[in-house]
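One chain, subunit A, links the two complexes that follow: it is found with subunit B in the first and with subunit C in the second.
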Partner chain A sequence: MRFWEKVMKLDRRWIFLLIGLAVLIPFLKPLKLPLTITKPAKDVFDAVENIPPEGPPLLIATDYAPSTAPELDPMLYALLRQCFTSKRRVILLALYPQGAGMAQAGLDFILPEFPEAKSGVDYVFLGYQPGIQAIVMYIGEDVRLAFPTDAYGIPLDSLPMMKNIRNYDDIALIIDLAGSSIPITWVTYAVARYGELMAVGVTAVSAAQYYPYLDSGQFVGMLGGLKGAAEYEKLIKQKGYTKAREIATIGMDAQSIAHLVILFLIIIGNIAFFASKSHKKKGGPIGS
Partner chain B sequence: MKERKGLIIGSVIMIAIFVLMFIKGEPSKSIMVWIAAILTLSIYSFLYKDNVFYKFAEHLFVGVSVGYSVSVVWQNAFIRRVFDPLFITRTYIVNDKFSLYLFLGIVIPTLLGLLMLSIFTKKQAWLIRIPIAFVVGSYAGMGIAPSFQANIFEQTRSTLYVTLSISASIMIVGVISTLVYFFFSKEHKGLLGKTANLGIWFIMIAFGASFGYTVMARISLLIGRMQFLLHDWLGVIK
Partner chain C sequence: MRRQIPLLLTFLTGVAIIIAFFIPHRPFNEVQDILIDWAIIITGFALLLGVHSLLRKHITHIQRKDSGWGFSLILTFFFIGVFVAGIISAFQYKGYSLTPGSSLYFVYDYMVIPLSATMFALLAFFIASAAYRAFRARRLNATLLLVAAVIVMLGRVPIAENAFFKFLTRFSDWFMFIPQMAAKRGIWIGIALGAFAMSLRIILGIERTYLQ
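Showing the complex of A and B:
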């Protein structure tokens, strides 16, 4: 009994140490565990593939901050690689103040791989505008009402890519990469009101919240957390779009091992709880 | 005391692993990477005990986050939407003619926005009701219909129109029993009580799924930092 009592009183810092090692070791000795591609991730990939090259653009909204970057940055990188390699045009914007910085950082990271990709021709970065609902609705009327210029101050009418793009009718698909509830605004206005196609890339914390929208067909697909990002990296690699370092996939070994450790701790914790409870019921002294 | 010793040994082992990797790897030569690495380690030092390094990194993070957001909103909202159109580009002058409509289109929203700041005064605090009323009224008007469409009608439709399959049957049972659990007009006894109990199981499974995803999210953040430390900073993994 003493053992289970000790387990119940275990200093939580041992658990931190255990989790730290469970994450660290798979990086140093990769296990290369298999990764299966789920339907929601494949659906996002197919939705992007269905956009004709040099046709209507894909709109990527980077509605996240550095605190969720480990999950959402790999999704942004994978989407940009897919689009730039296959000559699909991209519009980037942010409805979250720090999202503009994330989009710019994403472009700075990916553009050296695609020196031929030009701002205003292959992609347009619109920057950030405050007023989430109003901006989503403005784009339904005319994107120029929400963003008169791009993030660098150039009027949209002078950008070749934006000449024939006015509203959602001219945008093939929206993908919202979000660490917040902003996808609800997109689905409420852009999807329900204007009938636009939409997919999301969300943090794992909020993924469960968005499954009803996926099941109802309001989202054409969904990437959930680091696993979703890793699946997308695998999909674009299978298609031959990139040979770049797969940030999310590298982390999946650590993810799996850390989950096993947590499962083990939950089981041990429950056994310890019930064992010490039944011992107390029997009237045995604590620690005997 | 014995346990504390063990923890100190464990922490020393962790630090020793990093020192070893520092010697064996190719540490970054960028000062920014070094600053980010030191701040990351400062934040994680809290896991052992609250300390001055953690407090410094925490305060710095909060300050930088707020400062960055304020500057982005100032630049994109005030400068781009108010200052530039009023004083630089003068968008209210069309074909050398003053357009009162366009001028008021900039001035009225700006004044409404400024009224938000009245909350900081005791006597004029009531003025904040004007912009709040405008925001609540306009957003409710814009949002009610599409919100119903997106969050109620579409969800109900996808629940009602399902194909005959095991997962669809489970979903229907789950939806009905969960709704029954939240029906408080009659005491949960007999069939109603049993259905409500089944609803609790479905709610617990949903919480479990949410918790599982939350664990994945938190581990992902640790993985992100670990990748940064091992790849960008120490250069021990490719």
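Showing the complex of A and C:
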């Protein structure tokens, strides 16, 4: 088999090995590649910073599943760290069935860093309710209609933090962390109908579809994929909110090198393709 | 009558929700609240219907010993297992089955999360392999797509802090905010118009396929 033919028909296991190494090596030896903070990420940070401490809460919707957790979990951790450190109150809920597990896992990961943070006082976890549009509309009337109790079965009226919170008027900002199209439901009802402020944290693959909402101002900001999460980690670190390990930033090294490897493979694949084509045109044997 | 009553219900429900959207005051918001209540109940039953459909399909596979029936067996076994874990946890922890320490939480933390993450992580390998084989500059369209993808990919992950990568980052941002967004807006407007037209057809009883 001639050279270009061999390159064209490269066994995919070599490609898998290259990608495996590209992901693994930066984890073992972090490269600390440069990271520029983009405006959409800074806007999310500023929107949270504008919430007065111990004032109206930030509502975080964890509408994602474990499959997208590597990108979205770091955003949840960073937001919780920012809020708990600065005494901003948080409401967590899920409109996606597996999202409740992600919120619970996120709380379990972050709460040991903040032993003083108390459920019902500093944060409220509402759990999951089916009926996405219905729940978003219900919160516009009264959050108790959708969630009569918190996830642990405690009536909302008996939670100190929920005493003066009825609907979107009493919630400062919504941040939807989503691996699905649920942000569109939030923007349709919570933003368009009730005039609520909203930001999103989404996977890199779905970020493209949300740019129109960002440009129109319906989203005050956006965290896109692992890069968005890494930018947010950098922002809260710069502000002095945390010294915790920056998992998205470490992941960015791996992602950057993996991107480079994929680009390298695309270039090699194209060179092989055109070399073979040129030999074919000249009538010569392929790949010689 | 079997057709007229559902059509009338659809019309009244649709009109009530539209009015409540624009006039969120009594009595329209109260009607809306009742309809939302019903929607939540129906959604719950729809989930049950989904579970029934899934299990029936896989149990039939197992009974007939169709090809791949072993996978159906595994799915059914774990479905029942997780369901039982959920019920036990709900009883044990007074309704909240995902309480840390519960058996459902254990299943979620040590099985669902790693398995889902593994499945998604495999994409990186297959995308790389597919990109190598399929991303070829065969025609003008393919070449434009290739160039755009290379610029955006590099712009998203700046390897070094120099003028070249700064330019790439800026160009990538411009690309996402202008041409990409223009195309996306066109798609969204098309979808919205289509959804609007279809909703009107359903409310007015022109579109009746959902009755079949």
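What we mean here is this: the second predicted complex is superposed on the first by the 284 of 288 C-alpha atoms of A that agree within 3 Å, B and C clash if a C-alpha of one lies under 4 Å from a C-alpha of the other, contacts with A are read in each partner's own complex, and residues count from 1 in each chain.
The definition used in the following text is that a residue touches a chain if its C-beta (ideal position, glycine included) is under 8 Å from a C-beta of that chain, and two chains touch if they have at least 3 such contacts.
Model, not experiment: these values are computed from the prediction.
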item: Touched partner set for A:A208, first subunit B, second subunit C, both or neither; value: both
item: Partner chain(s) touched by A:A258 [first = subunit B, second = subunit C, both, neither]; value: both
item: First (subunit B), second (subunit C), both or neither touched by A:Q218; value: first
item: Partner chain(s) touched by A:I250 [first = subunit B, second = subunit C, both, neither]; value: first
item: First, second, both or neither for A:L28, with subunit B first and subunit C second; value: first
item: Partner chain(s) touched by A:Q98 [first = subunit B, second = subunit C, both, neither]; value: both
item: Contacts of A:F273 with subunit B and subunit C, given as first, second, both or neither; value: second
item: Partner chain(s) touched by A:L145 [first = subunit B, second = subunit C, both, neither]; value: second
item: Contact residues of subunit A, present in both the subunit B and the subunit C interface; value: 16, 19-20, 23, 65, 67-70, 98, 100-101, 127, 129-130, 133, 137, 193, 204, 208-209, 212, 215, 225, 227, 255, 258-259, 262
item: Touch list for subunit A against partner subunit B, complex; value: 11, 13-14, 16-17, 19-21, 23-24, 27-28, 65, 67-71, 97-98, 100-101, 127-130, 133, 137, 148-149, 184, 187-189, 191-193, 203-205, 207-209, 212-213, 215-218, 224-227, 245, 247, 250-251, 254-255, 258-259, 262
item: Sites on subunit B touched by subunit A in the complex; value: 3, 6-7, 10-11, 14, 17, 47-48, 65, 68-69, 72-73, 76-77, 80, 139, 142-143, 146-147, 149-151, 154-155, 157-158, 206, 209-210, 213-217, 219-227, 230, 236-238
item: Complex interface listing, subunit A residues touching subunit C; value: 10, 12, 15-16, 18-20, 23, 33-36, 38, 65-70, 98, 100-101, 104-105, 108, 127, 129-131, 133-135, 137-138, 140-141, 145, 151-153, 193, 204, 208-209, 211-212, 215, 225, 227, 252, 255-256, 258-263, 265-266, 268-270, 273-274
item: Touch list for subunit C against partner subunit A, complex; value: 21, 24, 29, 32-33, 36-37, 39-40, 43-44, 47, 94-96, 98-100, 105, 108-109, 112-117, 119-121, 124-125, 127-129, 131-133, 135-138, 146, 150, 153-154, 156-161, 165-166, 169, 173, 176-177, 180-181, 184-185, 188
